[in-house]
Amino acid sequence: MSTFETIPESTSQTSAEHLAERLSKSITAAAEADRREGWNRPPVFLPESENGVLEVAMGPHHPSTHGVFRMDVSVDGERVIRLKPVFGYLHRNHEKIAEGTAYLASMPYTDRLDYFCSLTNNWAYALAVEKLAGIQVPERAEYIRVILAELTRIQNHAAAVGFLLQDMGASGTPLMYAFREREKILDLFEQLTGSRMMCNYMRFGGCRVDVTDAWLDRARRLVAGMPQFVDEFEALLTTNEILMVRCQGIGALKPDLAVNAGVTGPMLRATGVNYDLRKVDHYGIYDRFKFRIPLGDHGDVYDRYMVRILEIREAVHILEQALKEIPAGPIMDPKTKLRGFRPKPGEAYGRIEAPKGELGFYLISDGGSNPYRYRVRPPSMINLTVLEDMCLGHNVADVVVILGSVDIVLGEVDR
Amino acid sequence: MAATFDQIFILFRNWLVHFLPPAWQPAAGALLGVIGIVAVFPGLFALTTLLERKGLGRMQNRYGPNRVGPFGLLQPVADGLKALTKEDVVPFNANGLMHLLAPLVMVVTVFMSFAVLPMGRHMELVDMDAGLLFFFAMGAATELSVFMAGWSSRNKYSILGAMRAVAQMISYEVPMLLSSVAVVMIAGSLSLPKVVAAQNHYTGIFPHWYVFTPWGFGAALMFAIAAIAETNRSPFDLPEGESEIIAGYHTEYSGFKFALFFLAEYLGMFALSGLGVTLFMGGWSAPFSFLTWIPSWIWFFAKVMLAICVFIWMRGTLPRLRQDQLMNFAWKFVLPYSLLVLLVTAFWRFLPPGWERWVVCTVILAVAYVVMGRAAFKLKRVGPRSYRYAE
Amino acid sequence: MSIPFYLISALTIAGAVAAMTLKNTLHCALALTIALAGIAFLFLGLDAQFVGFAQILVYIGAVAILVVFAVLLTRSGESLLPAKRARTWLAGLAIAAVTFLVLGWSVLASLYGLPNETAAPSVTMQQIGNALMGPYVFPLEVVAVLLTAATVGAVIVAMHEKARNK
Amino acid sequence: MLGEGILKGLAQTAKNFAGSYVSEERLTTVQYPEERLPVAEASRVFPFLVFDGSEWLGGMRCVACQICEKECPPKCIYIEKSKDKKPDYVGKQQFYPVRFDIDISVCMSCQICVEVCPFEAIKMDTAFELATDDRFGGLLLDRQQLAKSNEYYHSIHPTEASEVDARLDEEKVKAEAKAKAAAPAAAAKPPAPAGGKD
C-alpha cells in the first residue's frame, strides 16, 4: 500500500519548499512523458488493476461523507466488491488528554465527541464518574437529565433522516424541515445551558443550572407541536415510491452479524433485536415512564429510517410524561466538591442509550485528581465496522445511502 | 384591437422589413424571427434561474436570493457576470477542440429546435410540414454533444456521467416519440400549427385540448415523465448526481462553457415544455372561450412557465432514482404504457364519437396503470411496511 | 447546382475521408457523424423533409451514438493503433475500384432517362403516410418483423451475458 | 396506485410553499445584519473581568488567586500576580493581577473558570461579533480589554448579576459586622498598629 514518504529532517529548506520542489519535479516528469510518446499519451484517468476493477476513493472531501471520512471502494462495473473505510482524520487524542486533566475539565471535551448530542455525552460521562465515586443524584436533576436526553434524541434523529435524504438527492427540503425543528430545540438548550451545541451542563451529582418554569413552559409548547412536524415529515417521505425503491432491501444487516459486531442503537433495533439500554440497564428514572421500543424486521436502510422516525414519536411520549411530573427540589448533590475532586481508587463503566447507540465511559481512578485511564465506547465507530458487509454487491449510489443510514459523526468515530 | 395586439410582433416585423429592397425581405424577416427567439429565451432562462432558487427556497421555509437587487432580480445578472469572469480551466491532456465544441453543439441544436414551436397565432418561425420530426431530430443531436463533453474532459467521473446521461436520454426518447405519435394520429399532421389548430375550438366554454381526453392524459403523463428524464431533471438527474459522481459530464468545465451547459439544460426544458404544451395543452389557444381576447402568445408563455414551475416543484420534493431503477422504469413501465396509449388512441380514433369511447378508453388506461404499477412494486418486494413494538 | 450544394457535398466527402484516415478512433466516429449530417442536408436541399429529418434522427441520433458507445465501451478510443500498412492493400484497392465503377455506372444509367432541371415533386407527409400504408404496407411489415427479431436477439445476448457473470 | 406517495409529498411541499407567505412558523429565516435574534440571557461567548465602581483597575474584583488558570481545560488564561496590594470591595487588602491575558482563539467558552472563581470576578460575555484581521495579537485580550463594569454585567445577565450582587452585599454586611465585633477586641489590645482600614 502507499507507504508514507518521510520528509528528511536535516534538509536546510523548510518542509514547504521541499514539497514545492518535489511537486514541480513530478509535473515536469509528466510533461516529458507526454513529449516522448507523442501528445496522445494513454490517459491516466482509468487506473485499472488487472481484471477491470475500478478503484474509486470516495472522500475525504467527498460531498456526501458526513465529515472527514474516506472510503476506498473497488467497483467491478457498477457493483462494489471491496470497501475499506479509512478514518482518523479528526483524531484529537481525546482519551490521552483526559488522562492529564481533572475530571471536571474533561466534561466540556465530551461535548465535542458527538457534536450533535452533547447533552447525552455529558450524561454518560457524569454517570460513569458518579458510579466511580458513588455520588447520588437528586430527583429533579434526574428528571432534567431525561428531558434533555430525549430532546437531544429528537433533534439528532431528525437531522440524521434529513442528511439521509440529502444523500439520496432530495435537494435539501427534508433537511431544512428537520433543521427548522432542530433550531427550536437548540434555542431551548441555549436558554438553559448557555450554548446551543456545546452545552457542558451536567456535573457529577446533578446539573449546573436550575430549570426555570418559563423554560418548562417553552419545552411543553415545543413538545406539543412535535407530533404535527413528524406527521408532515412522514407524509413527505414514508410512502414516497422513490424513497421506498431506493431504500428497501438496500444495505440489509442480519441480526446475528449485528450482535456479533457489537452494533447498537437504531441500527441494531432495525434488524429486529430488542436491545435498548433504557430498558436493559434501567439507568436514570426511565422506569417511571411508559414508552415502547420500535423494532424493524429487515434491517435495511428503510427500516433504520423508520425506526428513527418512530423513536422520535416515543421520545415525545416520554417528554410529555417527564414535563408533567417534574418535582421541585435541589438539582445538585451538596456533598460533591467542585475542585480537588479525588474519587477513591477503582474502576467504573457508565453507559447510556445515546441517539447513535450505546455510549459508554470506562474510567480507572488511582485516587489522583485525574483519571488513570479514560476510555470512550463510540457507538458510531462500532456501527461503522459493518459498513463493508452491508455495501457488498450494491452499487456506488447505494454505498452513499447506506453510509447515510448508519448516521455517523466523525467527532465520535475518531475521538 | 385585440387582433392587432395579438399579431403585434408580426406587424412589427413586417413594418421593419418593408424598408429593405424586396429581394432581401424574406431573409431579413427570418433573421428578425431568429433574433426574437435568441433574445427572448435566454432572458427567460435568466428569470427561471431566479424563479427556481426562490421557489426552492420558499418550499424550504426560507427566502431565496433577495440581496442582489430588489427581491433578488439582479441575481441572474450577477451569476452571468460570475460565469463570464471565472477562469476557464481546461484539463491538462483534455482534447481541446472537442472540449470547446461540446457545449456549442448542444446550445446550437437546442436553439434550432425552437424554430418549429408555434408561440402564437402565425408566430412559428418556420411552418414545416414535418415540424415534430424536425424537433426530435434536433433532440437526437444533444446526446452526441453530451458524449463529446464526457469523453473530451478525460476524467473518469465525467466518462461515467456521460455514459449514464446518454443511456438515460436514449431510453426516454423512445416513449417521448411514441406519446407524441398518439397526438399525430388524432391531429392527422406532423406540423405543429396544425396540431394547435386541431385543438383550438371550444364546446361551451371548455377547450378541446387533448389533455382532457383519456388517451391524451395518458400520453401527456408519459410525455411529462420522458421530458423530465430527457432534460436530466429532478428525480432523474442522476448524471450530475452530486452525492455519487461529482458533476457528471460537466465536471471539468468551468467559466462560460459551464454556463453554456447550464443554458442548454434550461433551453431544453423550455423546448420540451413548449412542445408538451403545443401537443397536449392547446399551444397558444386560450383556456376558456371567453378569454380569447387575450393575445395568443401570452397563453403560450404562461403555459410554458406553468410547466417550468412543475419542473421546479418536482426538484424541490423528490429524491433521485438510481441508474438501473431509472432504466428499468423506462423500459418496463413508461414504454409499455406508451404503446398501450397508442393502442387506446387507435380505439379512440375509430370508435364513433360518444360516451362509449370515453368509458372504454378510460377503463383500459386506468386498469392498466394500476395493474402495472402494482406489479412493478410486487416484483421488487417494495411497499409500505408495518412495525412491531417491544415493551 | 447552387453554391450551398457544393459546400455541403464537400463537407460530406471531407467527413467521409476524415473518418477513414484519423488516428484516434473516436475522432473517426465523429467525422462519420459529420458525413451523415452532410447527407441529411443534401436531402433537405432537395426539399425532401421527411427523409432529411429521418436521416438525422436515425443516423445521427442512433447509429452514430451506437458507434461511439461501441468505441468507448471497448476502451480503444484512446489507444494509439500503429498505422501499419495492411499486407493485402492491393486486393483492397481493387475491390474498392470495382464497387466504385458499379455504383458510378448505375447512377449515370439512371440519370440518362430523367429530363434535367425538373423541380423535385413536392411530396407531403400525407402522401408518404398513405404510400407506406397503401402499396408498401408489406415491406413495412417485413422490416417491422426484422427489427423486432433484432431487438429480441439483443435482449437474449444481454441476458445471456448477465446470467454468466452473476 | 403508482405515484400516490409522490403526490402526497408534492402536496406537502406545496403546503410549505404557500405557508411561507402566510404563517410565521413556516418562514424561519432571520435576515442577520438587519434583523437579529434576541440573545438568550444565559448564553455565553468569552469571559470578561468584572469591576465595581468606575475605575477599572481599582474596582477589579479579581485577586489573582490563579484558580481559574489552573482549572481552565485548554489552559488559555495567563496571570501574573502583583507585588503590592489594593483594597477590595470589603476593604481588605488583596493582590491584583498585573497581567491577566485570555487567548480567545484557544478558549472554548466552557465557563468552568466562572464556576470555580470564588470571588465572582470572571463572568461570561454575550458579545459574539469579535472578528479581527490580526490572528495572533488581536485574539490575545489583556486585562484592560477584558475589564467590564458591573453595570454592563447587569445589562447582559440581569438575574444572575442580581444574585451575585445580593451575595456580595451579604458578605460585605457580614464582614463589617465581624469588623465591628473585632474592633473592641483590637481596642483592648494596645492601640492598633498604623494603617487602619479606610
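Per-chain numbering from 1; labels A, B, C and D assigned in written order.
Here, contacts are C-beta pairs under 8 Å (C-beta built on N, C-alpha and C of every residue); 3 or more make two chains touch, one makes a residue touch a chain.
Keep in mind that what you see is a predicted model, and the values were worked out from it rather than measured.
Among the other chains, C has the CA centre that is most remote from the centre of chain D. For the pairs A-B and A-D, the count of C-beta pairs in contact is higher at A-B. The distance from the centre of chain A to the centre of chain B, with each centre set as the mean of the Cα atoms, comes to 43 Å. Chain A and chain D have Cα centroids lying 32 Å from one another.
Note on chain placement: the centre of chain C and the centre of chain D lie 82 Å apart, centres being C-alpha means.
Taking each chain's centre as the average of its CA atoms, chain A and chain C sit 59 Å apart. For chain A, the set of residues that touch two or more other chains comprises 43, 46, 173, 177, 180, 236, 238-244.
Of all residues in chain D, those touching 2 or more other chains are 2-3, 6, 9, 12-13, 16, 28, listed in ascending order. Residues of chain B in contact with at least two other chains: 59-62, 159, 316-318, 377.
Contact residues of chain B toward chain C in the complex are 98, 128-130, 133-134, 136-141, 143-144, 147-148, 151, 159, 163, 166, 170, 173, 189-191.
Residues 55, 58-63, 313-314, 316-318, 333, 369-370, 372-374, 376-377 of chain B are the ones that touch chain D when the two sit in their complex. Chain A meets chain D in the complex at residues 101-102, 104-109, 111, 173, 177, 180, 183, 187, 190-195, 198, 200, 208-209, 232, 235-244, 338-339. Listing the residues of chain C that touch chain B in their complex gives 26, 30, 33, 49-50, 53-54, 56-57, 60-62, 64-65, 68-69, 72, 77, 124-126.
By the touch rule above, chain A contacts chain B in their complex via residues 30, 34, 39, 41, 43, 45-46, 54, 56, 63-64, 78, 165-173, 176-177, 180, 236, 238-246, 248-249, 274, 279, 292-297, 302-303, 306-307, 310, 395-398, 400.
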